[in-house]
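Right after this note come the structures.
Look for chain A in each of the two complexes below; its partner is chain B in the first and chain C in the second.
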Partner chain A sequence: MLKNLPLSAAIGLSFTAIYFLAAIFAPVIAPYGMADVVGDVWEPSSAEHLLGTDQIGRDLLTRMIYGGRTTIWIATLATILSFTTGSVLGFLAAVTGGWFDQVMSRFVDLMMAIPSLILALVILSSIEATVITLIILMGLLDATRVYRLARAVAVDISVMDYVEAAKLRGEKLGWIIFREILPNALSPLVAEMGLRFIFMVLFISTLSFLGIGVQPPLADWGGIVKENKEGINFGIGAALYPAIAIATLAISVNLVADWILNRTTSLKGGRG
Partner chain B sequence: MSEQPLLKVRGLKIGATVYPPGEKPHNIKIVHGVDFDLQPGKVLGLIGESGAGKSTIGLASMAYGRGGVELTGGEVWVNGRDILQASLGDIRKLRGGEVTYVSQSAAASFNPAKQIMEQVTEAAIRQGKFAKKEAELRAVELFRKLGLPDPENIGKRYPHQVSGGQLQRCMTALALCPQPDLVVFDEPTTALDVTTQIDVLAAIKEAIRDTGVAALYITHDLAVVAQVSDHIMVLRHGNMVEYGDTDQIINAPKEEYTQALVSVRSITHEEKAPTDSPLLRAENITARYKGTNFDVLHDVSMDLSPGQTLAVVGESGSGKSTMARVITGLLPPRDGKLTFDGRTLTPDQPSRSIEDLRELQMIYQMADVAMNPRQTVGTIIGRPLEFYFGLKGAEKRQRTIALLDEIELGEEFIDRYPAELSGGQKQRVCIARALAAKPKLIICDEVTSALDPLVADGILKLLLRLQAAEDVAYIFITHDLATVKAIADSIAVMYQGRVVRYGPKSEVLSPPFDDYTDLLLSSVPEMRLGWLEHVLATRKMESAGN
Partner chain C sequence: MHPILTLVVQRLALGILLLIAASALIFGLTEILPGDAAQAILGQAATEENLANLRAEMGLDRPALTRYFEWLGGILTGDMGNALTNKLPIADQIGKRMSYTLFLSFWAALISVPLAILLGLIAVRYQNRWPDKLISGVTLASISLPEFMIAYILVFFFAVKLFWAPSFANISPGMPLLEQLHAISLPVAVLTLVVLAHMMRMTRAAILNVMQSAYIETAELKGLTTFTVIYRHAFPNAIAPIVTVVMLNLAYLVVGVVVVEVVFAYPGMGQYLVDAVVKRDVPVVLACGVIFAAVYIVLNIIADLVSILANPRLRHPK
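Here is the complex of A and B:
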């Protein structure tokens, strides 16, 4: 599987792995406690504090590691939620057609007519922003995009002769969706997933930056930018580290997605 | 030969770079050194199966390689100069001026947004051969020669306003308009109905004779090429197999491969008499598609006895595939009744019992899209075994291998994906999938029409053998009468949604004929010289495509 791994995929895979491992093992590798004040305000980088300290003297590397944990955790779960609901409903709408398709598609059109950030602001002003509610909110808002893609792909596939052959055999909906359509729709969905994951990272960061996402003292990348943005006026780069982290994560995840895409597009089971 | 040949090809080698997924790109050879001459005013037929390199050679005579194809060696001389060495400017003068091209699908080649006349005269005007007025006069003259209706005004129409056969003739006019020395015909009649093909063929032949142009005629159908060409070159895998004049190739082929091509469709099948209790009886079926207001089937009735073959014949649009959809329950009829094995079939497929579904299987025209590209052969054939009979594990695998044996493929195919099979192998796997359900009836929808003649022959032989072994009945939907003659027990001829002739094979195929059956029968190209002229002189009815 890892033989003939292209360079781009190797780079993407290793960076993604570093970010995810750091997220999983945050308590082990972080040098200090997440909320501990361990130094002066906005100390420059030193042997004790590799990235310096933040606006109240917490270790910035520790904050970044814990922040990454929150951001990646929320983005991953929200992506999974949006893909399962979006693609299952999309496939179902494509295969069954009729009123179900109409009702679902018009509802999704309606949801998409409202900018998702504004919708999220409105909803979050009325409910409490916990990690769970954020995941559900982001996942469901994003599922509308996935639904449209999945439905469009599946509509094309569901008119193929092999789907008709399965229907004539008497197959149930489950087989048709998961065994006939899903494997053939996987490539565009995987490509979309790489992009969607990054949009999720940006979305949660945006919400936190605006102060309605992840709540302190929990750290997340958007929150770190918000806390340290005043530092930029004094030439302190603390707010830029999350930006670099988001950019490198975005690129490396998409390199991996591209590579998976290449492998799954092969019609010889990826062994040719 | 006193005259200098118009087209002289020496040692032509053509290659391409392929990019298989997951592999390093590498070069393959498509044509391995081909030589031939073509004298002015003569027609050379290039014939071979798909992948033989015939279209590639045709395009090479315009110094063109399609989609990454490279002309890697040899010489192509047109009018005394080697065009492979010519400058781009010279080649531009050549294409559309000295050499023109007629493609297989006129519908895909015409610009739908422009009038026909503009497109037909474009090359002639741009090459500076004629002024606009003259070119249009010439086009009208060509339209008349090609037998198009209303030649003065047909140029004002748009491509979608004429029929497929007419558009193909317009394309021939387009190619002839700049007064070229050579026209390359690339399967010009393959996409047409058999009754339309004959008119286009006759028009092309006459136009070639009248204008004195030389032509390369590319096709996979030996019977067609025999009607138009002076010489024939048989190609296989990029090599020349045999070259000779038409008479010799048709009547005294030297090479084994050519002999196989000539004798293709020589399958004979003893007609069985219908039994008293039919397996399938369709009574007075009338059907229309959702959202339309006209019937595509009118009052269609037919019977099929167990273990026999009913051929449903007709042109495209005759309703024969719709009939298959009605029988399978995909299109519930508006009126009429289906009886299968003594019980009434419910009109819509979802309400049918598993037994009904199992006993009535279907094989599709395009094996490519009839199999899920992400499932292995083992899954494709094994699924019906699991679904209908609950077979699992070793038992399922054993039965799958037995089925693979029956379709003359080995055990090693079980883990392959459809993309790793040839066209004929794919169709065989589809047959095995249908057979796995142990059906009493298989509907075969144009199962051989996408295949090369020799491969199609193999499939037909297989189907006949399986019928004898498994006692399964076939409904064979086809437009190809040669196939019908080979395998049918009874025949239903359909025309515009009605059965115009129905009965045992021997009755349907013997006179007296109704006009439509006569037209259909006489339009099937026969492999003998002078067939085309004979048919045109004797037939009673104009084809619908006119």
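Here is the complex of A and C:
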């Protein structure tokens, strides 16, 4: 499978892998404890502190690793939630049609007519932001996008002869959705999954930066920017490291998603 | 009735319906979630009795539907009630801040729209050569970063290292225009970069789509220069998709402005909204949220209408 791996995909895969491994093994890799004050305020980078220290003297590399862990976990779980609810409901709407399809589709239209950030702000003014509520909130808001895509793809597939045949065989709804439609809808969905994941990373970072996402003492990339933003005015670039982390993660996930899309479409003779 | 007029009226009616539904959704969200204004004022330690008294006093014990229509009527007539935190009328605050936000968005749009179209044209002209690749690369990079990151990168280099522009957008009514523009130069640059990327890519795609038509080949075979072909033949046919793109991106600006205002401590609507969310000032969040949503929806409706009106096949039906 990894033969003929294009260079761009190899770069993307290795960077994505590094980020995920760092997220999983954060306590092992991180040189210091997440909340340990180990130096002066905003020390420049040195042998002890590769990226320097933050606004109260914690090791910035450690903060970045733990921050990445929070950001990547939240984004991953929210993406999984958004894909399972979005695609199951989308497939269901495409297969059953009728009033369920109408009600769901109009509701999704309504949700998508309002910017996600505004909806998130309205909701977060009423509920407390914990890791769990953030995952549910982001996952469900984003499920509308997945629903649209899944429904569009599934409508095409559900008129195919083999789906018709399965229906005539008397297969149940679950079989038709998971055994007939899902395998054939997978490649566009997987490519979209990469984009949605990046969107989740940007979304949670924005919320944390605004002070209504991940709450201290937990660190995440958006929160690190918020904590260190005063430093910028003194020419201290501590708040810019998360920018580099987010950009490299976003670009590498994009490269992987592109490669998966190309690979799976060429397998099926070019049909997207 | 002319068929296009029917279509326009239909879309307008749908749009109004959508606006009402969106306001109901926003109001409903704060209704079904736990906690209300009385809870926010009294805090977690309040007794049931105190809560019930305050709810009765504020009218919160009446049915949600009644309060929704009162609230909607208030928004439409400019009476949005008072903020929970400082008891000041919300409408006064919004009136002041709205003009600042519009000022910022206006300049961002004024710069980004022509620039995006020009860059899109250049990218098509030099398709797959280095100018196209350079433009695509830079725009891809700016899509991969959240707005506030782009903002701090610009602040770091242009405000702190080079002293070209202030890092906080301090603006007041009495300032001369030039000083105001200097104050908002970095926020405008950030917003421009954010929407430019999307807009330019979509413009490029729209023109490339037209460039594949047969009449473009004819124009090329006539011996016209590439720029004439693009300018005289491709561009007029790409106007409808481009206008749609522009409108969608102006709508996108609505979201970008929220974050950018917070970064630059700009006294606009976005800052007001985020502050209110942090302080759990639900009436303010509702008012700001519904205004942002309405602007977004209205811009989308306009994009829809323009694409209908710009389509010659719909204007002159057989």
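Note that the second predicted complex is superposed on the first by the 265 of 272 C-alpha atoms of A that agree within 3 Å, B and C clash if a C-alpha of one lies under 4 Å from a C-alpha of the other, contacts with A are read in each partner's own complex, and residues count from 1 in each chain.
Following the convention adopted for this analysis, a residue touches a chain if its C-beta (ideal position, glycine included) is under 8 Å from a C-beta of that chain, and two chains touch if they have at least 3 such contacts.
These numbers were taken from a predicted model, which means no experiment stands behind them.
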After superposition on the shared chain, which partner residues are touched by A:Gly98: those of chain B (first), chain C (second), both, or neither? neither
In the superposed arrangement, does A:Pro217 touch chain B (first), chain C (second), both or neither? neither
Is A:Ile123 in contact with chain B, with chain C, with both, or with neither (first, second, both, neither)? second
After the superposition on A, what does A:Gly174 contact: first (chain B), second (chain C), both or neither? neither
Going by the contact rule set out at the top, does A:Met160 touch chain B (first), chain C (second), both, or neither? first
Which holds for A:Asn184: it touches chain B only (first), chain C only (second), both, or neither? first
Residues of chain A touched, compared between chain B and chain C (which is higher): C
Go through the superposed model and pick first if A:Asn262 touches only chain B, second if only chain C, both, or neither. first
Name the residues of chain A shared by its contacts with chain B and its contacts with chain C. none
Contacting residues of chain A [partner chain C, same complex]: 109-111, 113-115, 117-119, 121-127, 198, 202, 205-206, 209-212, 222, 225, 229, 232-235, 237, 239-240, 242-243, 246-247, 250-251, 254
Residue ranges of chain A touching chain B (in the complex, touch as defined): 4, 160-162, 164-165, 167-171, 179-180, 183-184, 262-263, 265-272
Touching residues (chain side chain C, partner chain A) in the complex: 18, 21-22, 25-26, 29-30, 33-35, 140-141, 144-149, 152-153, 155-156, 159-161, 167, 251, 254-255, 258-259, 262-263, 273-274, 276-278, 280-282, 285-286, 289, 292-293, 296-297, 300
Which residues of chain B touch chain A in the complex? 20-23, 328, 330, 349, 352, 354, 357-358, 361-362, 364, 366, 369-376, 383-384, 387, 417-420, 433, 437
